[in-house]
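For reference, the structure I am asking about is given below.
Lettered A, B, C and D in written order, each chain numbered from 1.
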Amino acid sequence: MKEEINVQAVIIGASGYSGEELVRLLIRHPRVHLAGLTSRQHFGKKLAEVFPRFANHPDAKTIGFIKPEPDLVRKLLKEALLKESSKDLPPVVFLALPHGVAFEWAAPMTEAGACVIDLSADFRLRDASVYLEYYGHPHPTPGLMKDAIYGLPEINRSEIRKARLIASPGCYPTSILLPLIPLLREKLIDPAGIVVNSLSGVTGAGRKAEEAFLFCECNESLRAYGVPKHRHLSEIEQELSLAARKPVVIQFTPHLVPVNRGIHTTICVRPAAKLKDDVSEAINRCYQQAYANEPFVRMLGSATMPDTKRVTMTNVIEIGHRFDPRSGNLLIFSAEDNLTKGAAGQAIQSMNIVCGFPETTGLQ
Amino acid sequence: MKEEINVQAVIIGASGYSGEELVRLLIRHPRVHLAGLTSRQHFGKKLAEVFPRFANHPDAKTIGFIKPEPDLVRKLLKEALLKESSKDLPPVVFLALPHGVAFEWAAPMTEAGACVIDLSADFRLRDASVYLEYYGHPHPTPGLMKDAIYGLPEINRSEIRKARLIASPGCYPTSILLPLIPLLREKLIDPAGIVVNSLSGVTGAGRKAEEAFLFCECNESLRAYGVPKHRHLSEIEQELSLAARKPVVIQFTPHLVPVNRGIHTTICVRPAAKLKDDVSEAINRCYQQAYANEPFVRMLGSATMPDTKRVTMTNVIEIGHRFDPRSGNLLIFSAEDNLTKGAAGQAIQSMNIVCGFPETTGLQ
Amino acid sequence: MKEEINVQAVIIGASGYSGEELVRLLIRHPRVHLAGLTSRQHFGKKLAEVFPRFANHPDAKTIGFIKPEPDLVRKLLKEALLKESSKDLPPVVFLALPHGVAFEWAAPMTEAGACVIDLSADFRLRDASVYLEYYGHPHPTPGLMKDAIYGLPEINRSEIRKARLIASPGCYPTSILLPLIPLLREKLIDPAGIVVNSLSGVTGAGRKAEEAFLFCECNESLRAYGVPKHRHLSEIEQELSLAARKPVVIQFTPHLVPVNRGIHTTICVRPAAKLKDDVSEAINRCYQQAYANEPFVRMLGSATMPDTKRVTMTNVIEIGHRFDPRSGNLLIFSAEDNLTKGAAGQAIQSMNIVCGFPETTGLQ
Amino acid sequence: MKEEINVQAVIIGASGYSGEELVRLLIRHPRVHLAGLTSRQHFGKKLAEVFPRFANHPDAKTIGFIKPEPDLVRKLLKEALLKESSKDLPPVVFLALPHGVAFEWAAPMTEAGACVIDLSADFRLRDASVYLEYYGHPHPTPGLMKDAIYGLPEINRSEIRKARLIASPGCYPTSILLPLIPLLREKLIDPAGIVVNSLSGVTGAGRKAEEAFLFCECNESLRAYGVPKHRHLSEIEQELSLAARKPVVIQFTPHLVPVNRGIHTTICVRPAAKLKDDVSEAINRCYQQAYANEPFVRMLGSATMPDTKRVTMTNVIEIGHRFDPRSGNLLIFSAEDNLTKGAAGQAIQSMNIVCGFPETTGLQ
């Protein structure tokens, strides 16, 4: 069925929710050969055993989990690189690890010739002092940090194309950056006073056995958390500041709500003074210019409201907006799947760019 | 068990979620005799048949549903008034009707000597032109509108005590007004630029057989709605303006999330310039002054975040706050049960005040 | 991307949950051209408008809804048949209509040269008197009834291959028949005394605006219904009797539980006397013989228990079993997605057979 | 409000779901003084801190958690016994501990003069060899085991009255025993061939931080577990055998479904041969005789089906039944709250009996 397999892929840390989502998408990706998986818990087992959901896939009994040791993976990559069909493409190593663990993998994997796509926060910041501020310790590989490309395809496509270390954005950041960056770039909104409220499904917390994420603790519960300084804030403000060409400070409040998947974000901004009576049209025009050809951005204008249930299990982000003439504020809404466009899907979108595949390959 | 039954109560429209919640609370209220219920659908039936959940209550087989006709209810009230035990108290008529239907009941019921507590929005506004703006038609009984008391006990207790027509606040308004009114009264926050985001459980939509509220349309769905001008906005801004002694315009975005009960509200405001380094303490002091003796306000300060799962099925509202030194904003959070503190519980709290009962009677 | 489009497909009644699932699967099926959709509610609109979830698909703005009138669909089919690429294949008409409405479509569509795959119960019974017993009126087209093939591919593959009217099985029946038929055929279990308990997600009730299926009525609710004579019983017993070559009467109790998708079935049977100490092995052997090459049957043996969360959004059914030496009973468990293997996916599996495509095409 | 406080109560292990439910019910029980709580995790804290949900209760800031050490509790009991108001009643010690931990507490607490009500399985079995079979080790206090009374008030009321060690039944057993015992006693059903399928909410698994009970692992999941020999089976069969006066072996399959609270049980039995055409009436008569005066048994007959959403947060069990003339089987259904009637509520019902309070005190 897969006529021309071109890229060899490895997932480091494939037992969490993002890792599992990578597996889901990569095993049916027509241009990918899943060369291996690592897991501390599951090494020695086959894919079919660890994730019975994929057991009926033809390769589920051959794809195996190995120990998460750089040497073992390097060996795997070496073999992968010998494969005729993949010869013009670097193998791709996805790091689906907790924050603080991905560091150790980036150098050995890039040195082994792989393109590394990191789903953690380890390489998303450009400024070592911001890293220190938010993570409480100096960045262990400040050199590599500078080389990493922030993997938001709709914004950084050309840099991604040549990248060998891609820091794939977080789920909250994606839901905030895609709606705001074009407006900030075009100076259609005031970069000051932005207020963001996000709702996240519980997969966002990872597959961790903690009391706070038990079914009965989350079901029939609504709560804000991580205020006022959620770690994702650092990368959000970094990228917004780049777009605005001046420092941007936002108010960001995440909430945990009882769904498995999905992030809904509501943003309140002041339209620029230059927009008079035509705020909605100006915003629409700006989004059209930015995203008209983007396969994964669904612009709803002011007619329909985004709803996570229409985007879960897809790589699509929905963006809508409403101008409120009473307050003079512009409300912007987005909805995405935190594991797909907010994590694994976006990472694969970057891989498609790196490999020169059509960007929607394996993501539709 | 109920040693001194004092007040005769009637519920008009007892088949919706708020009506059912009134039944749940009133049948175990030690000072209430539930004299009758009305329902277009269920008249002729007994409580035990319509709500099997209450069937084991000793009175469930005698309390009956009658047709929603003012004459029938008037007759009921007449009999109720004759009862020795209740002689010093007016009977209380709860209107748990859709907006636009409660109008017809207020005059006949107050004229029949009852104290009317309306859970709908029909009598919440003080200004006929605001009513027209938000509801699209002139208020049918503008005279009565002026007589109604906005039934937020923590704020209007003394007016409620003497009221004969109480407009019990909406669920969203309660979750926004209780946190904001003391701060606005004390001028601790800027009345301009307030941004409110609320999450509501699906009982907030009522027991209406509409596709949008089917299990499969709400489960695993997150969506904003009713922007930019939800009808509750009119009463919210009316009461905030009263507190601030100047017109207040807020940004209010409600969201529908898959829980049965609960409203979580996140509010972003600017602290007043006079508060320098001590925003959190000043806010705590203000809340202490306002609510230290309030049995249904749980002040969490900056230590804990409100969570709806701790307040559902209770008449308590949790209020917490965090000052963000980065942005200079103050975040305020509240959590309540939309059917209890946001509807039926609050209405009963008002009834307790009118009747001179301890305010927590039947609500603990 | 779709290199050789071969079959023209039409969905009659594409606005319910099964219809939507057909759309989801058919628009990404590499050998299908979705020629048209009908809907009483939505005719005149494009796919992208009705189901924004699919709006990013390249064809979502061209595929349209037409009125559900046989003449209009006949015209559509005529045009479809002219297409060069599809010339050797009949067009396929999927009927995703409520029971009792599909009748009217079967004759005109088969006469127009289409292969009809009916997802309703209208053509599933072979005996007119059983139909009368369960549906309360005589079957309107008893002749066609006899021509219909019961579309359970794992059991009736060869008949399906030549069929022009396929009655695709119900969701409950699929979850019960696939585990039981091989065992009954091989006389490994007693056909008497079978007790079946099934749990179904709420999509099983269809997209009907009824109070019983509102979010707040289903969430946090567990209830049995449709006992003792659910309509699906008729087709279940018909097919079990065929397998056992004698009349089989079972005890079937469906339950409604708060998930969107999924059916879990637990079956209690008596192993045949001839199986002594080796019940589990005998059952395993039988399933291996029956299903070893089936791409959509995942046999778990006695090691793992089926779980709907591993099969939702897939066409897979999981089957497991445990022998209880204390009681002498054999317990059999199955899990499937009621909308995929239990409805749309299975219908497409039948279409793949009719068209000579690999059976997993578009279903992996 | 509590006019005559009579009994001093202590909860050992008050941080799990059953312990929390005991707290919820006991703090509003008009005849109970909650003298103390123990918790390994929370000792030193006040009730208001550990369970903010109860923080508005007048006593929440005084009731404290102490270390779970028998000596400390003994001291507490000594003081409690001195209180004038409680002098004629033994203090009550509730053991809300995991199975295998309650043992250590029963002897010291009964010796200290308390009535012990154990919510665990430690004292539910009467036969040491059955205990060994199901729990894998000999019962550590076989003597005490024999003294314990199985605390199912509707069945063992008179024994409970005099008991000093009460083994409160499990949640599944309660949902099965109450429907079956009267029918077995009256020989209206065949004690052989009983098939039971139960669905349980996730609080049934306790507040344990295990991956299997994370929100995302339970939400949208349906699965059977614990087959064929769930530990509760031992007590179920013990009590059924007593009722039938002969050994009863049943088939019991529990399922985990995504609700917080609630157990729904479906039972399939053969009516006794002596019941001819009047199965339903005979069953109704039997239940009426057994339960007509029971405040917590709601008999639905064959008209309505039990639904957990009508009994959650109450101590009521709903029982319904349907005879199936096709199969000759009788189906019996029950619904209860696993934490109330299935645990804490039932334990308090026993306490009310021991103390001579009206049985519904604090439970309505």
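FYI, a residue touches a chain if its C-beta (ideal position, glycine included) is under 8 Å from a C-beta of that chain, and two chains touch if they have at least 3 such contacts.
These numbers come from a predicted model, not from an experiment.
Asks: Quickly list, by label, the chains bordering both subunit A and subunit D.
Replies: The shared contacts of subunit A and subunit D, listed by label, come to B, C.
Asks: Farthest from subunit A in C-alpha centre terms, which chain would that be?
Replies: It is D.
Asks: Let me have the rounded angstrom distance from the C-alpha centre of subunit A over to the C-alpha centre of subunit B, please.
Replies: Chain centres of subunit A and subunit B, defined by C-alpha means, are spaced 41 Å apart.
Asks: What whole-Å value do you get for the distance between subunit B and subunit C if each is reduced to the mean of its CA atoms?
Replies: A distance of 47 Å separates the two centres.
Asks: Can you compute the centre-to-centre distance for subunit A and subunit C, using the mean CA position of each chain? Integer Å is fine.
Replies: It comes to 36 Å between the two C-alpha centres.
Asks: Subunit D: which residues touch two or more other chains?
Replies: As it turns out, subunit D has residues touching two or more other chains at 201, 217, 219-220, 258-260, 309.
Asks: Quick one: which bits of subunit C touch subunit D in the complex? Just the residue numbers, please.
Replies: It is residues 193, 195, 197, 199, 201, 217, 219-225, 227-229, 249-251, 253, 255, 257-264, 266, 268, 305-309, 312, 322-324, 326-327, 329, 331, 333, 335 of subunit C that touch subunit D.
Asks: Which residues of subunit A touch subunit C once you look at their complex with the stated criterion?
Replies: Residues 28, 52-53, 55-57, 220, 295-296, 298, 300, 304, 309-311, 313-314, 316, 318, 364 of subunit A touch subunit C in their complex.
Asks: List the residues on subunit A that touch subunit D in their complex, please.
Replies: 17, 201-203, 207-211, 213-220, 258-260
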